[in-house]
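The following blocks contain the structures, represented as C-alpha cells.
Shared between the two complexes below is chain A, which pairs with chain B and chain C, respectively.
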Partner chain A sequence: MREDVEVSQVKSIIERFKDKILDVKKVQDNQWILITDRDSLRPIVTYIMQSEKFKEAHIATMVGTDERPLRGKMSVTFWINTLTDSMNVFIGVRTYLEEDNLEYDSVSKDVPGANWYEREIYDMLGVVPRGHPDLRRLILPDDWPDNVYPLRKDFKYTESPVSYPNYSFTYTEERSSCAIVPLGPYHVSLDEPAHFKLYVRGEEIVGCDYKGFYSHRGVEKIAESRLTYEQVNFIAERICGICGYTHSTAYCQAIERISKIEVPERAEYIRTLLLEIERIHSHLLWLGVASHLVGFESGFMDAWRIRERIMWLAERLTGNRKTYGMNVIGGVRRDLLDYRKDLVTKTVKELKKEYKEFVDRLTSIKSFIRRCEGIGVLKYDKARAYGVLGPTGRGSGRNIDVRRDHSYAAYKDVDFKVPVYKEGDVLSRALTRIDEVFESIWIIEQVLDSIPGGDVIAEYTEIPQYEEGLGYTEAPRGENVHYVMTGEKNMVYRFRVRAPTYANLQAVPEMLKGYTVADAPLIIASIDPCYSCTERVTIIDVRDCKTMTLDEYEFNMLSVKASKRWF
Partner chain B sequence: MIASVLTIAIAIALLTIFSVLMEGIRGKIKARLQQRIGGSIVHEIHDILDLLTLKGITPEELPIYVVAPYFAFSLSLALGLSVPFGKIVIVSGNMLTIILLVLSITAIISIPAMLVNNVYSNIGANREIIITFTALIPFMLVCGIFLVKFNTLSIVEIAESLLVTPSVILGLAVIGYVVYVLSEFAPFDISRSNTEIIDGIFSEYGGRFLGILEWAFFIKRFSLVMFFSSLLAIPITKGILGVSTYGGHVLAFAFQLVFLTLYYIIATLIEERTARTRINNVIKVNGVVTLVAFLGLILSLFGL
Partner chain C sequence: MSKIVTLEYPLKELKAPEEYRGLPYIDPHKCIGCGACRNACPSDAVMKIDDIKNGIRKIILDVGRCIRCGRCEEVCPTGAIKLTTIFEAASKSRENHIEIIELKLLRCSRCGRYSEFTERQVMFALDILPREALEVEALDKRIWLCRDCRRETALSEAVDKEWKWYYGKLVKSTWE
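Entry: the complex of A and B
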C-alpha cells in the first residue's frame, strides 16, 4: 500500500511532464530521482514546489556534484521533501550539465527558498543558474580568486588560493535615504560571526541584507578528500556545537540506508533518547538567550540552571556534555546500562518539575511577552516559500516534523504531538519550543519504558560504491539533511550537509522589515541560529603533563577567586 | 566655615563611594535571587577604579568627547549636592535645580553621541533625550502641585509641610516613578542597552572616560533616589522628633538612607520580574503618568 501511494505520487509528476523525464531511479526507500534535461529542470521543480498536491513541499537540499570523472558531466539535483496527507517522499530532480555549458534556468524567482542553494553551487562548483536575482558570492571569502571552484574534483583540498579582495557585500537596491545599522560581523547579541546590514529610518528597519559563512570550514571537501566513512561520522558530529549528535545520526542513517544495514532496535531507542536530550538542552539554551536579549536576566539564569541538569545527564550517559561520540555506522558505541535508566528517570522527573515552574514564571512576565508578541512576524505563505523549518516553520503554521513525516530511529514507536502555532511571531516560535520540551520529556519517558533488549550495533561488511541517499533528522532547529554519494576506497564521493539554519536564515530579512532596531536581535535569535560554547575546564600542567578536571564547585570557586578584589 | 567644608566633604564622599557601593549591593541581591554566588559588593568600585587607570579612548578627534565625561561627572555631583542630606541643604535644594541638572546631564552625554558617525550612539542619544523629556514633563506638573499646595519649590520646605491629600499623594507617586525612569532601572535601561545597541550613548567610550561616565551615571542615580527618599524621610522625622533638633537631623538622614536602600531593593526586585521595554512604550507610559500628574494638579487647584 505504502509503495503504491509512493509510486502514484512520482507517477503523477512523470505523467505531467512525460517526455521531459529522461529517467527515473528509486535510490532508497522513499527517495526517488527524476532525471531531466537542463531546460525542464525549472518547470518541474517549480511545479512540485507550487502544487497544491504537495502542500508542505520544500527544498530539502540541493546538491551539485562534479561527476566528470564518472560520466564527464556535472549534476545538479534539487531534493524536494514532498509532504502530502497520504505519503511523504523525497524527490530529487536532476539534470546533467556538460563542462562547456554549465548553465541552467534559475528557479529562485519562482521559489525564493532556492536562492542560497543556487548561489552556493555557483560559488563552489561554477554551475551558473541563469536569471538568478542575486548571484553574489555566498560562501567563499572575499579574497578567493574567480574561477576557482573548491568542490570540483580537480581542486585539491590542500590548496589555499588567494587573490585580492573583491567585496561583493553591497545591496542591490538603492537605499541612500536610509541609515545603516551594521549588526555584525561581531555583535554582542549574535555570539558568532554573521553580518546583518539593517537599513533604517529612525529606528524602523526598512531593509536588510545578510552576509554569513565567515566560519565555513570546508567540512564537505575534507570528508570527500581525506576521511573514511567512519571518520566522516566524527567530523559530522562537530558541524554544530549544540546539536552535533543530530548531524552524526543523519550521516549514519544515510550510510546505513545505502548499505541496507539493519540497525538493532535497541540502538535506535538509544539514539532517540540522546536526540531528545539534545533537543531539550538546545531549547533551554535558546530560552535563556531570548530572555537575555530582552534584558530579562533572571529568565536567562533560570533556563541555564535547569539546562545544567540535562547537560549533566548527557555526561553521565555518554561521557561528554556535548559531542557525545556515541554513533557509529550500524548503531551506537555504548549500551544504556540498566542502572543508568533509573538515573535518567529521576533526572527527567526533576527537570520536568523545574521546567514547568520556569515556564509558568516566564509566561507570566508581561514585559517578556510584550517583547515577543506580534514581533518578527513571518506569515505562513512566506514561511513556505522560503522553506522555513523546525520551530520557526511550525511557529508560522507549517505542520511539519521529520520525526513524524519520515519516521526514523524509534520515533515510529513513540507517541508525541507536533506543536504548531499560526501567528508567526517571536512568541509563537518561543511557545513552539516550550511545548516541544514537554514532548521531548514525554518521548524520553516512553523510550525508557519500552526500550527493547539486544545488540546495539550491527555488523556490516561492505558499503556499495557510487550509491546515493539522504539521511535526515529533526534537529532542534528543524529538518537536517545529509546527502551521501559513496565512492571508492572506503570514502564518500560526495557529501552535502544542509543544516536547518541554512533554510531559516534566508527568511530573516523578511522577518525584520517593519520592526525596530530594538527588536532585531530578538528576531534574529528567534530562529535559533547555531553557536557553540565551551563549558568545561581542564587544567594541564605542561611540565609533567598531569591533568586536573575541575568539578562544578571548584570551577565556581575559581571564578570567584579570579574576580576577587583587593578589599 | 569648617563645618560647611566638612559637610561638603562628607556629602561628596557619600555620593562618590556609596553610589557605586549600592550598585554592588544590587548586584549581590540579583545574584542571590538568581541562585548565583555573585561578585563581591565592592566589585563595582574596583571596576570603576580599574577603568580609571586605563588610557581614555574616544572616537575620532572630537574634543567634546574628552570633556563630556568630566562635565557629566561634575553635573552629577552638583545634582547630588542639591539634594538634602537629612535636612542639611548644601546647594540650592530646589526642585527646579533638579530639573535643570538632569537636563544638563542628558545634554552633555547626548550631544557627543549625536555628533559621531555611529548609529548605535545616535540611537542611544535619541532614546536618552526622549526618556528625559517625557519623564520631566510630569515632574514639572508635580512642581506645579507643590507650588499650589505649599507655595515653594524648596525640597526641605515641601517635605516639612507635606500634607496627606489626594493631589500630594499623586504627586509623590509620580515623583517616585519619574526617579525610577530617570535612574534607568530596567525596563527603562534602553539608552545604554547592551544587547540591542551595544551600550548606546556609551558605545564610543573606553578606558578612563568610560569609567568617569559610569561613575557619573551611578552618582546621578543615587542622587535622584536620595531626593525622593528625602521627601519621605523628613515628614516622618517631623512626626517623631520635630524638625529643628540635632536628633531630628540625624534621624532624618537615617530614614533617608533607609528609604534609599529600600528603593534600590524594590528596583532590583522589579528588575528581576521584567524585560527591557521599547522606546515607544516608554513614551506611552510616560504619557499616562503625565495625565496622572495633570489630574493631581487640577485636584490641587481645587484644594484637594
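Entry: the complex of A and C
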C-alpha cells in the first residue's frame, strides 16, 4: 500500500490490514478514505472503534450513496472521528457493493452506536447489513411500500407511494410480566414528535423502544434533486429550530473545503460569534426546561427571560431571532457594524451578571440537585460505545469537542476550556451546560476584542465536480457533521446530515433502565433532544387491559411531584 | 428582580427592529418580471407563469411558503422586492398571503406573437445599456422583436451582405 502516508492513525490501520485495503485517498486535509472489500468492512470499523491507540473514536457519520450512474455500484462509508494526542482525523472506511448483491456484514453487534446508521441505509437505499441485531425500518413512514428506496437516484423526489402500515415495536423478553407505557408520538417535554415505549414493572422502567422520525422532511433528497448549492444552505439551516446556524455553517464549510474557498478572517470571527450566541440561547432554553421539569418554575421563567435578550440581540445582528439567513458559501451576509458591536458588548455584560445570579440560585436549590443527582446515569464505556456527543458525552467523561479537536472558524485563535464531568448523570450534563455558557461568554468577549477588519465574503467561481468533504461544527448538543459530494449542474450529488441528537438518542434506552416513570421526562430532556411537543401519554397495563391517558400537564406533574419529597 | 418584563403584545403594537427580515413585498410599479427572484428562492415561494396566448406574465409571491432568507431582495435588479419588518402573517384567508403581479409580455412587431419576456424587461434593458456604445438604429429596430424574428432578421441582413457563402450554410442547417 501507499508508503507516503504520514498520519499515524491511517498508517497503523494500513499496516494492520495491509492487502485488505484496496486504496487510500486523502479527500481533505484531515479527512481520509480507505477503500476496502465488503468482507473487511466490519473488522476494520470494529478495530478503529475499539482500538486502544485512539483516545476517543466515534462514528461521525455514515453515508450510503447510490453511485450507480457514476460507477455502477453503491457505496457505504463509515466516517469515524479518531482522536489521538498528536493528530485528529476523520477516517472514512468505504466499500462498494454491486446492485445484485447489496449485503455486507453488520457492525452493530460490536459497535452499538452504528445501529441507526445501518437501519437508515437499509431503509433509504436497500443496502442490507447482514446479521444486524434489530433490522427494522428507521425513517420512512409505516405505510411506505417495501422495495421503494427514496435515496436511490432512480427515485424522483416528487413521488409519494403509499401502501398499508406494517411497523412493529420489539417487545422485551418479559413482555407478560411488565406493563407498557407509550410515551408520545407527541412527546413529554420538548419539541417535535417521538414515540418511546417504556416497559415498566410497577414504577421501574425495565426496557425501552423508540420510534421517531415523524417529522422527517427529506431534506437530503430535496437538496440532491431540486436545489442549487446556494439554496441548499438556506434549507440546511432550517433542519433545526434551535441550532440552525450551526447547520448552515457546517454545510458552507463542507463546500468551502471542497472548492478551496478562503473565507475572510472577519467572516470567520463573525461566524464564531454567532455560533456562541446560539449556544448560549440553546443552553439557557435547556436550563429553563430542566428547571420546569424539576418543578422550579421561577427558574424556568428566569432562564427564558435572560434568553430573550440574546434572541433580541441575534435579531439585531442577523435579521432573525434565530440567526437564520446569515451564512452564504464564502462568508457571511451582514457585517458586524460598530453599533452592533456595542450592542453585543452591552448585552453580554448584562447577561454575564444575570446569568451568574441565575446559576447561583439554581445550584443552591437542594431539590434541583437531588432530583438530578444519580438519575439517568450513562457510564463512560456505554457513552463511548454509543458515540454519545456534546454535553451528554462530556457529562459522561468523554473529553471531546470539535471546536478544539478539529478547530474551525476562529476557534483556533480563541482560548476556552472544555468542561468534562465523569458522573454521567443528569446533574453532570446540567453542570457541563452551565459551564459552557460561561466559556461561550468568554469566547464572545475575545472575539469582540480581536476581530480583524476586511471583507466578510469571498467570491468564488467554480465548485469542482464529484469531490467529497465533511463539514463539522460543535452544535449546542454535540458534534454536527455534514457530508457533501458535489455533482454536476450546480447541484449536490449526495448530501448527508448527521445531527448530534441522532447519536445521543440511541443511548436514551440505556439511561432510562432502572429509573422510574417520573424520571423519564427529565432523563429524556437531559440529552436536550431536538424535537417538539404537544404532549400526551397513555399508560397501558397489559395484564388487566386498563388504559389511562395522561395529558401533558399531568405527566409533567408526575415529574414535578417527584421532586416535592425534598421540599 | 421586581422589574416587569412581560410585554403587552398584542394589545399594544410591537415593532420589529429595522434589521429584521419580515414578510416580503413586491412593488408592482418597479417589478419588471424577470424572474430572478424565482431562480434564487430556495423554497419556491415565488412562481413565474407565462400565458403566451394572452400575453400575460404572472409573478406570484406566496408568503406562506417564504422562509425570509432575503435572497430575492439581493438578486432583484430593480429593487422591487423588499423584505418589510412586518412579522404578523396570521390570517383568516390563505389568499391574503398571495401577491400576484401581472405584466404584459412583449408583442413582436414583426410576427405579432408574444415573446418570452416582458415589455418592462425591454425598457429596463434600454435604460441600462450605454447608448453611446451601441448602434442605436440597429438596436431600436431589433429590440421590439421576438427571439425568432431577431434571429431571422439578423441572419437575412447578414446574408444580404457579402458573407452570403458562409451564412448560407448556417441558415440552411438552422432552418431545415
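Remarks
Just so it is clear, the second predicted complex is superposed on the first by the 515 of 567 C-alpha atoms of A that agree within 3 Å, B and C clash if a C-alpha of one lies under 4 Å from a C-alpha of the other, contacts with A are read in each partner's own complex, and residues count from 1 in each chain.
Assume a residue touches a chain if its C-beta (ideal position, glycine included) is under 8 Å from a C-beta of that chain, and two chains touch if they have at least 3 such contacts.
Source: prediction; values computed, not measured.
Of the two partner chains placed around the shared chain by superposition, neither chain B nor chain C is touched by A:L22. By the touch criterion defined above, A:V148 reaches neither chain B nor chain C. By the touch criterion stated above, A:L227 is placed in contact with chain C alone, chain B being left untouched. Of the two partner chains, chain B is the only one touched by A:V294; chain C is not.
By the document's definition of touching, both partners, chain B and chain C, reach A:R305. Set side by side, chain B and chain C differ in how many residues of chain A they touch, and the one touching more is B. Judged by the touch definition given at the top, the superposed model places A:R316 against chain C, while chain B stays out of reach.
Shared contact residues of chain A, touching chain B in one structure and chain C in the other: 305. Chain contact summary for the complex, chain A toward chain C: residues 227, 230-235, 238, 305, 308, 315-320, 324-325, 334. Across the complex, chain A is touched by residues 5, 16-17, 19-21, 40-43, 67-71 of chain C. By the touch rule above, chain A contacts chain B in their complex via residues 179-182, 187-189, 200, 203, 291-299, 301-302, 305, 365, 367-368, 370-371, 516-521, 556, 560, 563-567.
Looking at the complex, you find that chain B touches chain A at residues 30, 33-37, 39-40, 42-43, 45-46, 119-120, 122-123, 126, 186-187, 189-190, 193-198, 271-281.
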